[in-house]
Every structure is written in structure tokens, then in C-alpha cells.
Amino acid sequence: MKRVAAVVSLLSLAAVTVTACSSTSTGGSSAGGGVFTTIDGFKPGLDVNGPINPWNPKGNMFQGYNAMKLGWKKNHLTDPNQFYPGIAASWEIAPDNSSITLHLQPNNKWSDGTPVTAEDVKLSIALAYTQGSTAFSVDPGAAGAASDVEIIDDHTVKISQDMSNPSVTFVRGVMDSFVVPAHIWKDAVPANFWDTLKAARGEGAEAEKARAEITAQADKVLAFAPAKDVSAGPFTLERMNPGEALLVKNKNFYNAANVGPDQVKLLNYTGNEQIWNYLISGKLDNAPFTAVPADVMKRIGQTPGNAVVKGFSPVSVAMAFNQSKKPYDNVHVRRGLAYLINRDEITKIASPEGGTPALTTTGIHQKPAEAWLGSELSELEPYKLDVAKAEKEFKEAGLKKTGGKWTLPDGKPWKFTINVPAPFSDWVSAAKAVTSQLNEAGVSAEVLTSADYPLYLSELAAGKYDVGFWLVALGPAPYNIYQRLYGASNGWSILGGKIKHSAPGKDGNWMGSPETIDVKGVGKVNPGELTGKLNTAPESEQKAIISQLAKAANQDLPVIQLWDYVNTQFINTNRFTGFPENESDLLRETSGVWIQLGMIKKK
Amino acid sequence: MTLIGVPGRSGVIAVARRLAGHLARGLVMILVVTTISFLIIRNIPGDPMAAKYEKLVEQGMSPEAAQQAVNVLYGFMPTGSMWEQYLDYMKGLARFDLGQSLNVPGTGVGTVLMSAAKWTLIPVLAGTLLSFLVGIILGVYAAIKRQSKVGDLLAISGSLLHGLPQYVLALLLAAIFTTLIPILPAGGTADIMFEPGFNAGYIGSLIQHATLPVVTYALSSYGGWILAMKSSVVTVLGDDFILAAELRGMKRSIIFRYIARNAILPLFTILALSLGMLFGGAIFIERIFNYPGLGLMLIDSITGRDYALMGGAFLLITVAIIIANIAADLLYTVIDPRVRSGGEAA
Amino acid sequence: MSVTSDKRAPGVRISDLSVVYRTGAGELPAVRGVDLELEPGTITGVVGESGSGKSTLALSMLNAVQPPGRIRSGSVEIDGLGDVVTLGGDDLRKTRGRHVGYVFQAAQNSLNPLKTVGKQLLDLGRSHDVDDLPGLVKEARSLLDRMGLDGARVLDSYQHELSGGMRQRVGIMLALVLNAHVVVLDEPTTALDMITQATILRIIREVHEERGLTTLVITHDLGVVAEIADRLAVMYGGRLVEQGPTREVLGAPKHPYTQGLLQAIPRLVGDIDEARALPGRPPTLGTIPPDGCVFRERCAVRMDVCETGEPPVLTIGPRVVACHTAAGDGEQKETVTTGPTRGEEQA
Amino acid sequence: MTATTIMPEARSASATLRRNFWRGVWRVMKRKPSRMAGVVIMAGFAFMGVFGPMFYPEHLPRDTSALYAPPSWAHPFGTDFEGTDVLALVITGSRYVLLTGLVTAVITVVLGAGIGLFAGFRRGRWDSVLMRITDMKLTIPGLPLMLVLSTIWKFTSAIEMGLVLGLLGWGGVARAVRSQTLSLRERGFVEAARGLGLSTPHIIGRELLPSMAPYIAMNMLIAVTGAVYAQVGLFFLGVLPFEANNWGVMLNLAVFGGGALTTTAALPYLLAPLLAILLLTLGIVLVVDAMDEIFNPRLREE
């Protein structure tokens, strides 16, 4: 009996503590500026073991909250070089992109009271070199790398581009750099770093050795774990557990007066379904892009305060062909398939809330495509569902229809096998819907999944699949957009400023497009070379190149674009206001950036 | 006269010899299992860097930033021939160095394992002990009432729960308590708003978060205990000494104790073994309830191709099972006088 | 020994005892209409093959027939106790051990393997409300010593540390330590080697005399009975087919079954071929014929009447035999005519 | 009881024994209606696995205007993400699931019983080597190993899947059969049979195996469920190749694609395969319960 009583009292204790828990947490949020609850989309699976280190993929530095960059990229449709201020308050870009001069926030201090100076920026750049960023790279072939870092004064830094191999993305590469406190991190790189870097710029064995010396620092920098978070961001990390991280306001932040919330709570997630649950319970003040099924969307909308903000996300998903495999080497087969696939239906089934059906295949997301191509866009073949056209294309390719089934020209059965990674349920359902549509049209089709994404990508790259899902249109930098179609995966790579083409099946060329395409109304083009040019071409020329590439992609169909992603974000206006509107250029930055810019206010 | 069974000197020597034998066999086993798992793990195909990159850009990170985030990991990828890697790995093991994690670069595998292990151990231990207690009590009842409807029902429900896979239970519980009647949290370990430590709020939050995993684990293992205990009791009931005790006019309470102690003996072994298995056993529960234990970590390590971490996890599971086997045997030695004196277990 | 005669050995009268087992095919009799008297201070031996019901009979002495069996009718009267069959609950429990001691077959594990003999002795003492536990231990030790064991050491041992012979002596000790005067020994020497067998039998005989017991020995071994029993009862198919003073029965068996048994024993002197096994197999619970003589299937002198008529139970002086062939030999105690099935005779 | 059935001289009575056996089976079944239900359920699943897919076209029809439709007469368990009838998916998917289970069970039992018998029969060095291997297999964690293996191998067919599960799963049966063999040996059967001049294959095939057959049969049933769970679980975790009508794939897509644990729309899609597993388990549990009583005289005494 005594034991039973003990158990009962234990249980009641648990009940009391549970109620206590809910009361304290609501009590906490009503005081001061409140707790802003969100998740970090870049960090699924918070890890208590992660160091307080922005370069570490599991580091407990969260962009916009306690991890600061020089500037925050605007989500512009076509211009990659627009930013909101971060550590840098303002900047001047040389007209030829040869240099950028940064002016740091004048009154910015680290959370421990030390001022943020040009020295911090310089050391952070040294650290970036060890990790190999786009602007700060010791790789001799890298385009758009910095050649010099110069401290003009305590709050001014000038960074120049190596103009022997320039890139339009140089400025973006610079601004996209993390800044950490030099007084904490100074031991992470050797004192003679800049001398070594100078040596690394040269040629020959000496330079080789210097480069090796710098990259050898990578592991050490990555594992560097300050004991305590010293941040120049609006928040500092207070504590974490395997489920959540708690950040508190940094009084020394330059814009601290305008920072709304007192605390930020980052929830952990390992799968989307968790985010859905958080959203339905109304816990989250903001959730970055999350794929959501239709019914879940409805439920989320029913929770008081929940709202959806949609914006442009420069990602599209496409079905990519391996043209080394028959019959996909034949453009008519690819076109025929494009005519048979009902993209509206696919999108409705697989990504009703996170995507819009691609109007056609250009290799560019619909939104920037309008900006880049203008009226030309409407002239492209839209590949609307059209069984008659499909049959015509198939016949042109020599396929035969017997007993309601399409067969290969030699009469052998044709099995359309589409590969997707098993963990991506939206891709899996899309692939399944594609095969259902094709089966109905007499193309015998099936879905094959790979156990996980790494396996999928390595097998895709090894040319093991006929057809697979592939992300395209990664903007806004135009080179990034087209290197997904006519880049390394299709045989073209840039080495030391020169374009090189590898034959299908070699050096990761699994798409195997022909090297030149005779584009109607343009003539013979080498799409890979055109893509490479996008890296260096001035803005004025870019438009023309993109137009040619869009036509080539639309005619030759190395991929069939299925849907364009929509950056669907969730906000809850019960506790805070000031969220970005639809199509805001801040939607691809974390809510930490919105907060530090002073937008988010307690209601 | 001493009536208390203290192992004699010869008993201690026998135990020591047993232990030495176990340890030697255990070491060989560890060596073999490690080698096999090394070979399998290092042959997993896949490109974790590409996967990471694609995921980040899909998530909305710019291609440049994603590329940078991926580049940093190359330093942690194993290099050299398989044989060199193997030697390195074994050398590391000999120094109790499991290598560095790729998922959490720069962090020792041991640290990652330990921090995940605690979230598996606590709930699974609680679940196992809970189900063990309830299971053996109801098991005795089911054995005594085995000719009645109640006993039948207990046995059938036990078999059903024992037979059902954990994920079915977990999904059902999750559907009920997080979807239909959302009264319990769907993931995590504790609300971060509570200062970790020995305060009511934090512990309450811990209990709240652990409820579903613990209950699922307890339900799914309870069936096994009730069945095992029932059959053990039925076996003991048929033993001659029980009839003998009855014919000597022993009190019911004493006979009951005879039955209970003899019947529970084999279950202790199973308990020890199942505690050893717990390190590898909660994958589904942790995946469904997003509980950050070893199972979830293992899945992450596989999808992230974190070879060192995978190897460490396999090693941990193996070592735990071996230790549990040894513990079970030693436990037997302590509680079963037949083994204690060097004889064979019945 | 000081305890020898604080009570006179009681007599035991088993009358009309029937025990049935419930099976899928209905209730089957394991013991049918058994009458047997154990005179005070004697050793009675019950002999039979396996399945003859002798163990069931032994358990009936303590009203301990295990389910699915039950005593359907009859009584077991013990002097000073009354009818054991009517006892229940705590009265029955206290009778067991305190008044009637039961010794298990030597090969069986009648001790809790997890406890020392001494601890089980204490459990026994507590079960029977013995106040003087040290006295009980002393008594047990002296009993064991008496049986040629190191009492102190044995009490400190677990079952698995004891040999078969030692276990058997421990069993005897536990049956006697509470001063029971009726003792039932179920196959006391089975599975023991010859020398130990002889020792155990000697001990049984001696202790029986010293303590003034009334003893029932159940065995399949005629040799055992010949050696120690004053009276002998032969069971077959759940019935007592013959009983009487050991010497007389063995010297001049009247029942064909007893005769067969004796012929089957190879003798040390004489031709081995003279030993003739009984043909056929003993009946099991399910194959005991419901009507007529249970032994007729294997009987060399079977008559037509054996098929249908229950053999008459004849008392011839100190002997009793149930056989149609013996019908002319003596006074018929009870005649049961054709047709009575399973225990209707009790009605 | 088992002892008498394998004694050589008893074989003359084997026909009667067999008849008695079936009568016993019938009695055991009759005593609890639940056991009949178990047999009916099992038969139902077997029927579904063998004939189920024949009732449906190769490509199940879909209705894209009714995605995740709620249960109705036309769709008792609603529809899936592309408007296909969930019940049709469960029925057509049963073949793969059950076939895998069967293949696994056969391999588990053949390998397990073979190795167990051999080890127990030969004893000595063979025994210790085989048991070491068995121990090792039992030490390597099964599910994590399967997770890793699924990235190396592609289990495209049910038979392949069953093969791997079987090869991974024989350890427990081997151990159990070995200890049974040893205990039969201890009881002197082997020596007795040897004494009668019977050959080793005869002793194993005619004496040991039959006495263990019921035990092995029960293990086989349990192996079927084990295999069904393992593969459905792996499909659920999403590491196996896609089959739209696989129960595990349905669970996976319901939870991770349809949000069945979040909202109710995809709940029928989740519950249908769960229910199928639940029913299958119940059927097997009830049948095993009956078998237990048929073959285990101790439980039968009543």
C-alpha cells in the first residue's frame, strides 16, 4: 500500500510540474519584448555538441540571430549584388566589380563589450580562406576570388578582386562572409597567415605548400569551439538542449533599441511533419520554407494568428534525362514525354502549396524568366498536355505503338523508369503521378527509389539512371541558373577561366547533351560556353545569352521542368507584428535578419 | 550454522574464471563485429557532400554559401586505401579513440554517442523496467488464471502487443495523442525555457516529453514479459518441488514465494539481455517521436554518411550486448546457487 | 531415540476409494473401489506398473490428488484424524507434514533448488507454527545424523550439491521432522544405485521401527516390497487385484497378474530363460476397459466371464484377491455382477 | 508425450495417432472461438495474397479530383495522394508483403533448423563454432544493419528482400533448435536409436525432426510476422525501393507526405495498412496460441 501511495504522489507531482511548466512559459513571454519562437531552416537537427562556430554545419550559430555576415542578400530576381546591411553598414562597389569598400556599423559592439572593428573583418576573412569560400579561395582556378584585403581605418575595409579571373558574383561572395570576434578567434589561425596567403598566390612548389598549409587549417577552424557565445548579432546563445536552443537579446547590438523580442527560441526538427505540428499548435512565430500537404495547410490556417507569406524562391524541380541511354538520346522522345506530362496535376498532387506548375521548360524559375526574357517567354513552346503531339513526336523518334503500348523502334518493350530519393515524399508522389499519367498514355512507366539522397546523387552522377529528379534554376546569379543544365553534370566545367567539355560518362557528365545545339532562330550554340560566359559577362550582355540558353533548353529539353518552388513561409501575428509581406526581398533571410533590421515588434 | 548462501571461495574462483572466459570471447567478438561493420559501412555508396549541397540550396541557401558549407566537410572524409583506413580505425580503437564525426565535424564520436545515448537510455530503461514490473505481476496472474477468460485475455493481449511492431504502436499513439487529442508534445526532450537542473519545471517538462516514447516502449515490451513470466510460472508450477512443498503442508505464501523466485530467475537473464539490446532498439520510436536518442542519431549518421559515427554506434551496440550477456551470466551466478558453485545452469 | 513413543502408531483405513481424471473424453478412473487397511506400526507395500494408479492412491492418502484429477468417492480414515478426504483448507494443510509425511521418488527434485535445505526446513517449521525453530533444526540434524549424514553440512547445502541417496534421506527427514506417524514413500529407491538402495531400505525399516510409524511404500519393484513390507498390495489398472502378508502373497500368488509379475523376475540362481515377461502392455488411463476384469487382455487364464463380469473380491484369511479364477477359493466379501461401470457401485 | 511418439515401436500406431492428432486439433480449435477467428483471418490473408491482385487492373485507377478523399462506399478507406483507392492498394500490396514473409520464414527455418540440428547433433567443435557464429549474428544489431545494407543492395523483388531478411534472421531459431536437440539427446533418444542400428540421416529426419516439427512450425509463423514487420518498417523509414501499394510505403507517404499524424485527411491512408498489420498479427497470434496448446501437452492438461 505504501508503495502505491508513493507512486500516486509521484504522479501528482508530475501533474503539478506540467501545469507549472505551462504557466511559467506563458509568464515568460508576457514580460518584456517576449519570446520569438521559430526554427532554423538551415539546421535540421540541433546538436548540443555543436561548437559555437558559424562554419561548422552543426555549429550553434544561427544566421541573423547570433551569427552575423557582412551583409544580407536581397532576394532579387536578377541582380545578385543587392544587400541589406549586416556588420557592414554601407559599401561601395567599383563599377567594374574590381573592388568593394565596406564601412562597418559605427557603434557596433560584441556582446562582451569589445567594439567590432576592421580587424575582426580581416581575421574572419582569414578564417574564410581556410574554409574555401567563393571570394576567399586559395584555389588558383577559382573565379571571382579576392586578391587583396586592406584595412583603410578602424571601420573601413577594402577588398579587391583578382581581375585575371573575375566573376560577377565576387561582391556577393564577399558580403556572404561570416564575421567573428578577433579577440576570441585569433588563435584559430597562425599569426603568419597573411604571409602564407601571399605565398599561396604564387606559382610552383612553394605556393603549393602554402596552399596546403592553409587548407590544413580547415579542420582546426571548423572544430574551434569558443567557450561562450560572443556575438555581434541581435542575440547571444543562452543554452541548448537536444530539442531547442534559447537565445537572449544582445544589449550591445548596434540596432538593439529596435530589436523587438527579448528572447528567441529555436525549435528542433528532423522532419517536416514536426514543423506542421508546431504550426498547428500555433507555437511558431515564423517557419521558413516548408513543404506542406493541402489538408495540413488548411489546419494550419485554422489556428488563430497563423498566416502564410509567399515569395519567390529561385529553385525549380525538373526531370532530367540521361541522354546516353536510349531512347532518351532522341529529342523527340523527350518532347513527346513533355507533351504527355500534366504538370498542373503533378504539382497539385505533389506540391500543392510549395510550388507552381512550370509554364514551360526554360531552365529558369518562372518569375525571373519573365524578367530576363520578357515577351520572348511567351514565344517558347509551352509543352501543354497534348496526346496527339506526343504521338507525333514519338512516331518521329521511330517509336511504335502496339497493343496500346509504345515500344522502342526495334520493337523491344520500352520501360520508362524514373528515379527519386525515397526520403523526399513530394518527389516520390510526383514521380508516381508522372508514371501514372504515362501508363495511362501507353508508356509503361515505373518509379524506382534510392535509399537516401547521398546514394541517389552518387548514382545519378554515375549515370546509373535513365531519368531522375534534379533541382534547376538556382538563381539569382545567372551563371548558377544555367550551370545546373549546362554545367559539370552536363560535361562543361570552368578551369582557370577556360571552359572544358568532357564526353558523356566522364568527369561527372551524366546528362550527356550534345556539345552544340542548332537552336531555331539562333543558330548553332554551345550552351556550356554560353553558360560559362555568364560568369564574367557584363549585365548588358547577360540578357542576350540567357535568351539563347532559354531557347536551347526549351527546344532540346535536357530536362522537363515540373514545378517552380514557392517560398511558402508561415507567420503568426498573435504575438508579433512587422513581418515581411508577400514577395518581400527578405523572405529568403531568416527571421533573425528581420528582427535585427528592426521590423519585428511585440504586439 | 549459516543458512545464508554466500558463495564460497571456490565459487569466487569459478566466477572469476567465467568472467575471464567471457571477456576473452567478448574481445574476439568485438574485433570481428568491428571488422565486419567497418567493411560494410565503408562500402556504403553515396555522395554525402552532394546531398548536403542540394539540400541546402533547396532549403533556400545560395549556391555559393551551400558550396562553402559543403567544402569544409571534405577534410573529415576518410582518405587512403581501405586497408589503411582499417588500420587507422583499429589503431584508434585500441586507444579508445573512435574518430571524429562528420555530421558534427570536429566533435569526437564518443562525445556524440554519449550525448545521444543518454536520451535513449533514460526512456528505454524506464520503459523496460515499467513493462517488466507490470509484465511479471500480470504474468503470474495469467499463469494462475490460465484456465479462465481473464487469463486468456491477458495472454492474447500479451501476444498481440508482443507481436505488434513498435512502429505500429508508436504511430497509433502519436496519431491519438499528438493529432486527435493533442495533449503531449510531438518531439524534443524538454522545453528550453526551463533552466536544466533539478527543478520541478525542467523535470516536469522532461517527463512530459518522455511520456510517449516511454509508454510506447513499455507497451511493446510488456507483452513479452507477460508471456515469458506466464510460461515460466507454468513451468515452475509443474515442478516437483512445488508439489512437494504442498504435500509437506507449506503455507501458501511460502509456496508462492518459491514459485515466484524460481519463475523470475530466467527472466532476469532476459532482462539483462534486453537492456543490452536497448542501444540499438529504439529507432522507430525515436524517429516517430523525434526523440534525439541513438536511433535517430544512427539514421542521421547513415544519411549523412558519417562513417566514424556509424562505426561507433555499431560498436556501442555490440559492446552493450556483450556486456549484457556477461552481466546476465554473472547475475545468474549471483542469484542461482546451482551456477554459483560451478555447476551447470539448469 | 526419545521421540519413539509419544504417540501410538495410528491405523489407516482406505475404503472404496475412487479417483477420476477429467479428460477430453470425460472422467476416467485412475483408482477404482480400492479397500486397503494399514495396520498401526506396519509397513504396507503397494506394487504396480506405471499407470496402475498406485501414485494416485498415495496422493489420496493426503487428499492431494492433483487436478484434473479428483477423489470421487470413498474415504481415508486415519486414527486420531478422521477422514482425510473430508478435510480442507488449513486443516488439510496442517495434516500434511505434521501427521502424514510424504517422501518423493528419489530421482525427483523435491527441494527448492534456490534454497538451502536448512532454509526450507525453517520454512516448513514456520508453516506449521513451530515455536522452537532451533529445536526443529536440532531434531533435523539428529535425524540426518541418524541416517548416516553430516547433518550440519547437509542443512547448509543446496539440492544440487546432494547425491540422490542424500536427497532421499533429506526427503525422509523432512517427512519425519514434524513427528508425523503416517509416512507415505513414493518409489523411495527408484533411480538409486544398488548399494544406496539397500541403505535407504535399511534406514526406512529402522526409522519405521524406532519412531513407531505406519508406513506405506509405493513401488514398481517387487524386490523392495519383499525386503521391507509386512503386507503387500498389488494394483493393476486402478484396482487392487491382490493383497495379503508379503510372504504369503509372494510365496503363493493367487492373482494371475501377481503370478506373472513374479515369473518376470530373473533370479540369481537358475536359468535366465525362466524369466518370462508378461505379454502386452499395461493399460493407460484411456485404455482401461470399463467393464469386466481390467487384466483380461493379458491374462493367461482368461474366461468368458472376465469380459463382462467385474471380478469378485474374495477374502481368504488375511489375504484378499479379486479374480474370477479364485472365486471358489474362499469367502466372497462382495460380489459385483455384470455391467456396473465406473463407480456406480458406490451409489 | 513427445517421447512416446518417437519411440520406434510406436510407429505401428502412427495412423491412429494421426487421427487422434487431428481430433485433438479440432478439439483445441473448438474450445475457443477466437482460434477459429485466427484461422479465418490467416486464410483470408492467404487468399488476399494469392488472388487479391487478380481483381484489379495492373495500374490501379486514380481520380485526381479526389485526393485524400474521406472514406465512402466507393472508397472504404478513402484514397491516397493521387486519388487511388486505399483498400485496393492494401489488397494488391499484400502479395509482396506476404511473399517476402514466406520466403524469409522458409529461409529462417531451413537455415536455423539445419544449423541448430547439426550443431546440437554433432556437439563438440562443430557446435561451438556454429554457436559462435550464431552469437555473432545475434550481436550485430539487425535493424541498423538492414538500414545500412539497404543502401548497398537494392531489394527490388519480394524474393530478394525475403532472402536478405532470412539470411539475417536465422540466429534465434538455430539456438532454440540446438537446445531442443541437445535436450532430446540428453533424454537418450539418439543413443537409443543408434542402438537400434539406425543411420544418422534417419535419426535426424525421422526421429529428431518430427518431434521438433511443431516447434519449428510455430517459429516459422513467428518468422513470417517478423519479416512482414521488418520490411514494412524499412519501407516506412523510406530506405527501400518504392512500391506504391507496399504497406510500409503507404505508412511513409501518409505520415511524411500526407501529414497523417498532423491532420485527419490522410488518417485513413495511414490506418488501412496499420489495420492490415494488426489483423495479420492477431491472426497469427491466435493460431500460434492454438498450436501451442496442440503441441504442448502441459498446457493441454485440462
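Letters A, B, C and D name the chains as they come in the text, with residue numbers starting at 1 for each one.
The rule we apply is simple: contacts are C-beta pairs under 8 Å (C-beta built on N, C-alpha and C of every residue); 3 or more make two chains touch, one makes a residue touch a chain.
As the structure is a prediction and not an experimental result, all values here were calculated from the model.
S.K.: What is the graph distance from chain A to chain C, where chains are linked when they touch?
M.R.: 2
S.K.: Taking each chain's centre as the mean of its CA atoms, which one is farthest from the centre of chain A?
M.R.: C
S.K.: Give me the ID of the chain with the smallest distance between its Cα centroid and the all-protein Cα centroid.
M.R.: Chain nearest the centroid of all protein C-alpha atoms: B.
S.K.: Just how far, in Å, is the C-alpha centre of chain D from the one of chain B?
M.R.: 24
S.K.: Would you mind pulling out the distance in Å between where the CA atoms of chain B average out and where those of chain C do?
M.R.: 53
S.K.: Measure off the straight-line distance from the CA centroid of chain A to the CA centroid of chain B, and report it in whole Å.
M.R.: Roughly 38 Å separates the two chain centres.
S.K.: Need the CA-centroid distance for the pair chain C / chain D, whole Å please.
M.R.: Chain C and chain D have C-alpha centres separated by 50 Å.
S.K.: On chain D, where are the residues touching two or more other chains?
M.R.: Within chain D, residues 151, 255, 261-264, 302 contact more than one other chain.
S.K.: Which positions in chain A are in touch with at least two other chains?
M.R.: Within chain A, residues 271, 277, 280, 423, 452, 455 contact more than one other chain.
S.K.: Using the touch rule from the top of the page, what residues of chain B touch 2 or more other chains?
M.R.: 44-46, 178, 186, 287, 302
S.K.: Which residues of chain C touch chain B in the complex?
M.R.: Of all residues in chain C, those touching chain B are 59, 62, 64, 66, 93-98, 102, 104, 108-116, 118-120, 122-124, 126-128, 137, 152, 155-156, 158-161, 171, 174-175.
S.K.: Spell out the residues on chain B that touch chain A in their complex, using ranges where they run on.
M.R.: On the chain B side, the touching residues are 44-48, 50-52, 54-65, 67-69, 71-73, 75-76, 100-101, 103-107, 111-112, 115-116, 119, 178, 182, 186-196, 200-201, 203-205, 207-209, 287, 290, 292, 296, 300, 302-305.
S.K.: Mind listing the chain A positions that touch chain B in their complex?
M.R.: 13-14, 16-18, 20-21, 24-25, 28, 35, 41-42, 45, 47-51, 55-58, 73, 128, 131-134, 169, 172-173, 176, 215, 218-219, 222-225, 239-246, 265, 267-271, 274, 277, 280-281, 288-289, 313, 315, 423, 452-459, 461, 471, 474, 477, 480, 565, 567, 588
S.K.: Which of the residues in chain B come into contact with chain C in the complex?
M.R.: Its residues touching chain C are 1-3, 5, 239-241, 243-251, 254, 258, 261-262, 265, 335-338, 341, 343, 346.
S.K.: Across the complex, what residues on chain B touch chain D?
M.R.: Touch residues, chain B against chain D: 25, 29, 32-33, 36-37, 40-41, 43-46, 146-147, 152, 155-156, 159-160, 163-165, 167-168, 171-172, 174-175, 178-180, 186, 234-235, 238, 277, 279-281, 283-284, 287-288, 298-299, 302, 310, 313-314, 317-318, 321-322.
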